[in-house]
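Chains here go by letter, A, B, C, D, E, F, G and H, matching the order in which they are written, and residues are numbered from 1 within each.
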Amino acid sequence: MAEPVMEVVARPPESMEDVPLHYCPGCTHGIIHRLVAEVIDELGIREKTIGVASVGCSVLNYNYFKTDFQQAAHGRAPAVATGIKRVHPDKIVFTYQGDGDLASIGTAEIVHAAMRGEKITVIFVNNAVYGMTSGQMAPTTLVGQKTTTSPRGRSVEGQGYPIRMSEMLATLQTPAYIARVAVTDPGKVHRAKLAIRKAFRTQLEGKAFSLVEIISTCPVNWGMTPNEAIAWANQNMLAYYPLGEIKVPPEVS
Amino acid sequence: MAEPVMEVVARPPESMEDVPLHYCPGCTHGIIHRLVAEVIDELGIREKTIGVASVGCSVLNYNYFKTDFQQAAHGRAPAVATGIKRVHPDKIVFTYQGDGDLASIGTAEIVHAAMRGEKITVIFVNNAVYGMTSGQMAPTTLVGQKTTTSPRGRSVEGQGYPIRMSEMLATLQTPAYIARVAVTDPGKVHRAKLAIRKAFRTQLEGKAFSLVEIISTCPVNWGMTPNEAIAWANQNMLAYYPLGEIKVPPEVS
Amino acid sequence: MVHDVIISGFGGQGVLSMGELLAYTAMHQGKNVTWLPAYGPEQRGGTSYCTVVISDEPVASPISSEPEAIIVLNRPSLERFESQVRAGGFIVYNSSLIDVSPTRKDVRVVAVPANAIADEIGATTVANMVMLGAFLEVLPVVSRDDVMKSLAQTISARHHNLLPLDEQALKRGAEVAQKVGKSS
Amino acid sequence: MVHDVIISGFGGQGVLSMGELLAYTAMHQGKNVTWLPAYGPEQRGGTSYCTVVISDEPVASPISSEPEAIIVLNRPSLERFESQVRAGGFIVYNSSLIDVSPTRKDVRVVAVPANAIADEIGATTVANMVMLGAFLEVLPVVSRDDVMKSLAQTISARHHNLLPLDEQALKRGAEVAQKVGKSS
Amino acid sequence: MKRVVFREERCKGCELCVEACPEDIIHLADRLNANGYHPAMVRDEDQDKCTSCGLCARMCPDLVITVYRPARVKVS
Amino acid sequence: MKRVVFREERCKGCELCVEACPEDIIHLADRLNANGYHPAMVRDEDQDKCTSCGLCARMCPDLVITVYRPARVKVS
Amino acid sequence: MAERMLMKGNEALAEAAIRAGCRFYAGYPITPQSEVPEYMSRRMPEVGGVFIQAESEVATVNMLYGAGGAGARVMTSSSSPGISLMQEGISYMAGAEVPGVFVNMMRGGPGLGDISPSQGDYFQATKGGGHGDYRLIVLAPGSIQEMVELMQDAFDLADKYRNPVMVVGDGMLGQMMEPVTMPPMRDLSTLPAKPWATTGAAGRKKNIINSLELDPYVLEKHVQSLKAKFDQMQATEQRHDTYLIDDAEIVVVAYGTVSRVARSAIDAVRGEGIKAGLFRPITLWPWPEVALARVVESGRVKAFLVAEMSTGQMIEDVRLTVSGRVPVHFYGRYAGVVPTPKELAGVIQNLQAQLK
Amino acid sequence: MAERMLMKGNEALAEAAIRAGCRFYAGYPITPQSEVPEYMSRRMPEVGGVFIQAESEVATVNMLYGAGGAGARVMTSSSSPGISLMQEGISYMAGAEVPGVFVNMMRGGPGLGDISPSQGDYFQATKGGGHGDYRLIVLAPGSIQEMVELMQDAFDLADKYRNPVMVVGDGMLGQMMEPVTMPPMRDLSTLPAKPWATTGAAGRKKNIINSLELDPYVLEKHVQSLKAKFDQMQATEQRHDTYLIDDAEIVVVAYGTVSRVARSAIDAVRGEGIKAGLFRPITLWPWPEVALARVVESGRVKAFLVAEMSTGQMIEDVRLTVSGRVPVHFYGRYAGVVPTPKELAGVIQNLQAQLK
């Protein structure tokens, strides 16, 4: 029997560099990188895209994308992106930020970039913990979750309930698109990609601020195997952080 | 006919110092000071209250209250109050902040004090402008409103729609009490006082974070007489910033 | 020659713009000038003032510890600056609002009922121009004509109809000062 | 006397805790010690190592540019540190994972099939104790007994049932090293 | 006795009380106070019209106003 | 020809692909790669069982996996 | 010849920045410099530039990082507390070699202090308020005209060295008016090309703006290359000015506002036969040590008088250069107090009396 | 005698702070000091103290301002970029006279840099990274034991002077383990009373914590009183240590981590007959100028070698003291690179060769 001609179903995206990623085994940052790169490929915008890396485990992601990049100070990626986009309104500018970065130290910057309606796209990776600095509590850490700075588990008394950034930002009138997705099974990964594409398209169409929050895992700091972490996220994080499109202006579909 | 014996209906509160206020004629900061002092009087907490002044026209309010006070860096009053209250959980701690202070530079601090559920009370004076520095745009400036840094009027394109802090903070699960009031006619002043009292009582009862947003005027920087400013606020600000209790936990009544 | 003058009054009495007008006019006469406002805590309510220095040479310090002249529009200003005027200098004060007289004997003193005159002219806002007119009469660092030219250049077209009032104010101020005697 | 040793391997091979145990034991023998981890970019994945200095005098620098000994558990570690060992020093390496031999001729080299031995003992995690046993045989800065005492003090009670395995590992490591010959 | 008393030297003439008074009896004096403001006042002859409603004091930002009313005499 | 190909040297043995595969044909090899991980693999004899669904690649964080399928031959 | 205009320092510097090709301004209001953002909010749209009122000074400096990294000529202005908030970002810009211009209209401190003129941030500007080994070129104009000219240089130097440049003034320089002649509008097409900027990787290798390098040996190389730039600045960018210094026995060292007061004081004491002169640093960093050393070596100077609106900061640099060869005296007013010419003349007179 | 424990620098200093009476810690994670907040999160509840993970370093310093102003012994810890973000708040604390202890475990910079040991923030700590005229007492331990002891002093000095105190270490001191003996737990009732603190104005005049004063003449008085405190610190708080200095012809000046490397290097070159010694500043501010001047005046020293993990910062203070009397050389590794004993010994040998 002759060998059948094969076509590719899935392969590494063009917009990513062919270098190993430094993430821990099973860390979902890698999946999210790939999705962003696939969207950049599909929209054909690699040469007009400028990324902004934040401080967190993904700090080195300027090494992984084949686009121009700026590495921003901790929490300030939206301000950096604002500067870039205002100088180059015809370019596509995105930030890639963790939950410590965006929801803690960078709260003011994300709220105000969203309020002003900066025409940028924010990829917000919520793994309920400070990954890079080895597992301290984040504002997104779940109640009861143990971390290195909440050794007895996050308690409502004194630390409060976790912040739901997407819902909070959606109270603003200006932002165009806000959605929460997850990468905790193949179907969710697919829907995550659709949301990321929508967010970039929002920007391409010249509309205001778009943000996709992505429920992610940090197996190392959660003290779990990658698949345990996936299961934990599906069970616990999604219960507190419901998935879905939170803000969609009528024009974006 | 004999002179009737007179009793006092209204007089300056005990908890205020008997010194002239430095505010511009007709500035409603003075009304709000008085309401806070009246509540402190009525609750009998002057000797256990510690205030935190912010940077704005009200920066000198430590001169006007007969309570202990700390003057906080611009935007950081909630962090300062957090420090005080955690050291003295039995004391009553309040901040007094303008909209530039709380909704611009201090966004992260107010969001996180609210998220943690710090047992403090925030008096948030929204006059849609930076008063002290002579009338620049604030995040709360209305669309179309002219200020010294929005000389053509605030535009949605590039500056976005104003931020509604109370609604935004109310998406957090931890805060106990959030309300928006105004001091733009005697009836509203009365309801403002009720809300302020409720906010302080929330703290007295050991419940989490309480905040009262107060729609206020800045006649000088709005370029109006005090009464024109009152009318403008009633007509324009209340249309965008609806009054009412936004978050009331079942227990607070 | 260096002339330095402090102009002081309540916020709203137009002392800053009066100083600016003086500096602007002198600049157009080829002089070196500085105009320095007091922007400190005095700003809100309280007293507001500015220092104008006019010189043939580049101006070194825009601050004057011993001004040649003061133009004071309210009583706190007189109290604050009277002692600083250098001997042989000038005090031009607004006698409409200041109910005491300067006590200095080593300076020339000119009392100008500026508000009263402005009311007569029918525009309370020109009281500062009355003061300026009186000042220029005793210390003619620039001419009234040049001031009027500067005014025409600097104020927006839709206020040009007010120029005759300003001119009148300058003149009336000068007349008051003439009675006291010209600077030699 | 000053002894300084670098202990290096993959993260997860227990090199940091091995160093800590060594330092802790020496401290309890009245020695001055320092334990310095490399906490740099090597941390995630990659190679992890620590430097232990043991001395009768207060330890000056906790960094050693020319360690007396290295204990290396994986190949990148050998490649990185082999050249630094000072002449007359020691290389103790894990021959289960390192498939090349050190080339230095001026140092004493001990090959320890640590993983193989640990597998024999039935606990892969004690490979580091095998290495330590071998090291202490060639450079007896502390005794195996003292190490066991330290272990008993530092690990939590519910792991005390593992102590016999650790003891066995130390001993098996020592036996391997004995074949090579004791340090004089 | 007066129902409504103004601490004139502290008044800034903002007229918030003027607007607030339902009886329309407050107006600014012609004279200036030490700070250069026309202070608010109620003419002596208008004091009777005052209902002691307190609205003027409620709106005054500068703690200028004290309002009195005849004591309700309690029969004890 | 293989349907699913692993760049073994980049695999970190996280097993996300193992969990994702509906055909249960992925497992970790006994050998270690240069970075000390047991790489994921599909045995040659299992390649046929692969449906080219691509779910393994979708979950792989490290760009290890390329998935092929027989081309649908277009009649032109 | 261009027309002389009577302008406030703050507005003049804003216009000067635009003439120098600045097309991105971000800032946050603070006295005594709020006229700068106010002017920019009116003017930037007219020249097709960007004005943003940032949510804070922290956001401001990071907007500059983004916009400067993207290739624009960028600036901000603030006053002391606001500049303190920018220190992390300034360090990032220096580390990532992003050019940008910072104006600090210094006010009295520490803390909230007051809003009056001060020179209390000399150390912060010249020694590095942020973390790590970096330097800023610090320019200190003495007049509004000079401020206008130094703004041109500030942008050019920032681009030349790919480093932030700071212009320091104070409330007095910001608020006063003086006649100025504006330089012509720079033709943007003549500005230096920035092949390193993030403009989208179209047809070229990607550009990365970054200060992170986890390998210390690689980072050390990078910091070494930064240091080479700073050494070059020190070799070539020192600037100063003098007044009546040729025969001076007492040399006042002062910059900015104080240098003007000092000139008046010197004029006054010269009238009494005191041989006083002025050494005025224009670059606070690089410190004009070559020129000052020459003054020391002339052998004529009997005493230096460092006059600052601070409790004594620049005096350290003077002492480093003088190195014990001539006595160095100090006169400081601070926390918002500006010395008067008369007062400073008195200090010089006292010093003269001591010398005799 | 208290037991010797083997502890990581970061954990030892955290425990030491608690023993010194610290009952309020706020902080934000950053390498290489995250073990401090982690330790505090476990330990503070056990002693009835407060641990807060702040939302940022900006919030952190302001929490310290509040808690310190309310009378508690307060501290935070961070590393270079985080300390830069605290500069406004530190200036506020100095201005408002709020005591507090800051630990900076310095890492390589500028910008994000790396996470390896560095001394690149010397200027920031000693000259004032924030705005206005203020100073911090800056303590630089050379070992973990000394760090533990200096933490006690840090809190006492902060309270004594009502001023922030900074303890500087680096990644090496924070991450390494050494045996330490902990001081006993301080009895909180023996700590100095703070009648100025905001504790509620019950039965006393109200207390105000504030750095604002709009009248420059009044503010100047206040800053003058601050300056008097700083002068007193300079007069009484200088500290240093020496090693083999009595006959030394080459004196290495180094602090912290580098001072330890230097000791090893000195031991090595002493073996070759080179008369080298060590001068180790313990207070970086106030700079130990009296003791260093005495070394200069001894006349024995032929050269100083300043060794820093920076491109050259402390050397300015050395030069100010030496004032041209003896040559001052410099050796720096930086951006996260720690010099080795061998390397430094080589530098001393070269220097010795030059001297001959």
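Keep in mind that, in the parts below, a residue touches a chain if its C-beta (ideal position, glycine included) is under 8 Å from a C-beta of that chain, and two chains touch if they have at least 3 such contacts.
Source: prediction; values computed, not measured.
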{"item": "Chains in simultaneous contact with subunit A and subunit E", "value": "B"}
{"item": "Topological distance between subunit F and subunit G, in contact steps", "value": "2"}
{"item": "Far-end chain from subunit G, centres as C-alpha averages", "value": "F"}
{"item": "Whole-Å gap between the CA centroids of subunit B and subunit C", "value": "42"}
{"item": "Distance from subunit F to subunit E - Cα centre to Cα centre, in angstrom", "value": "86"}
{"item": "Whole-Å gap separating subunit E and subunit H, where each centre is the average of the chain's CA atoms", "value": "60"}
{"item": "Touching two or more other chains - residues of subunit G", "value": "31, 55-56, 58, 81, 88, 92, 96, 111-112, 114-116, 210-212, 214-216, 336"}
{"item": "Sequence positions of subunit E contacting 2 or more other chains", "value": "none"}
{"item": "Overlap residues in subunit C, where contacts from two or more other chains coincide", "value": "40-41, 45"}
{"item": "Sites on subunit B touched by subunit G in the complex", "value": "55, 59, 71, 73-75, 100, 104-105, 107, 130, 132-134, 136-137, 139, 148-152, 159"}
{"item": "Complex contacts: residues of subunit A adjacent to subunit F", "value": "3-12, 16, 20-21, 23-31, 34, 185-186, 189-190, 219, 225-227, 230"}
{"item": "Subunit A partner contacts - residues on subunit B that touch it in the complex", "value": "104-108, 111-112, 114-117, 139, 156-164, 167-168, 171-174, 208"}
{"item": "Subunit C residues touching subunit G - in the complex, by the definition given at the top", "value": "20, 23-24, 27, 32-37, 39-41, 58-66"}
{"item": "Subunit A residues within the subunit G interface of the complex", "value": "46-50, 52-53, 59-60, 62, 65-73, 76, 79-84, 86-88, 91, 108-109, 111-112, 116"}
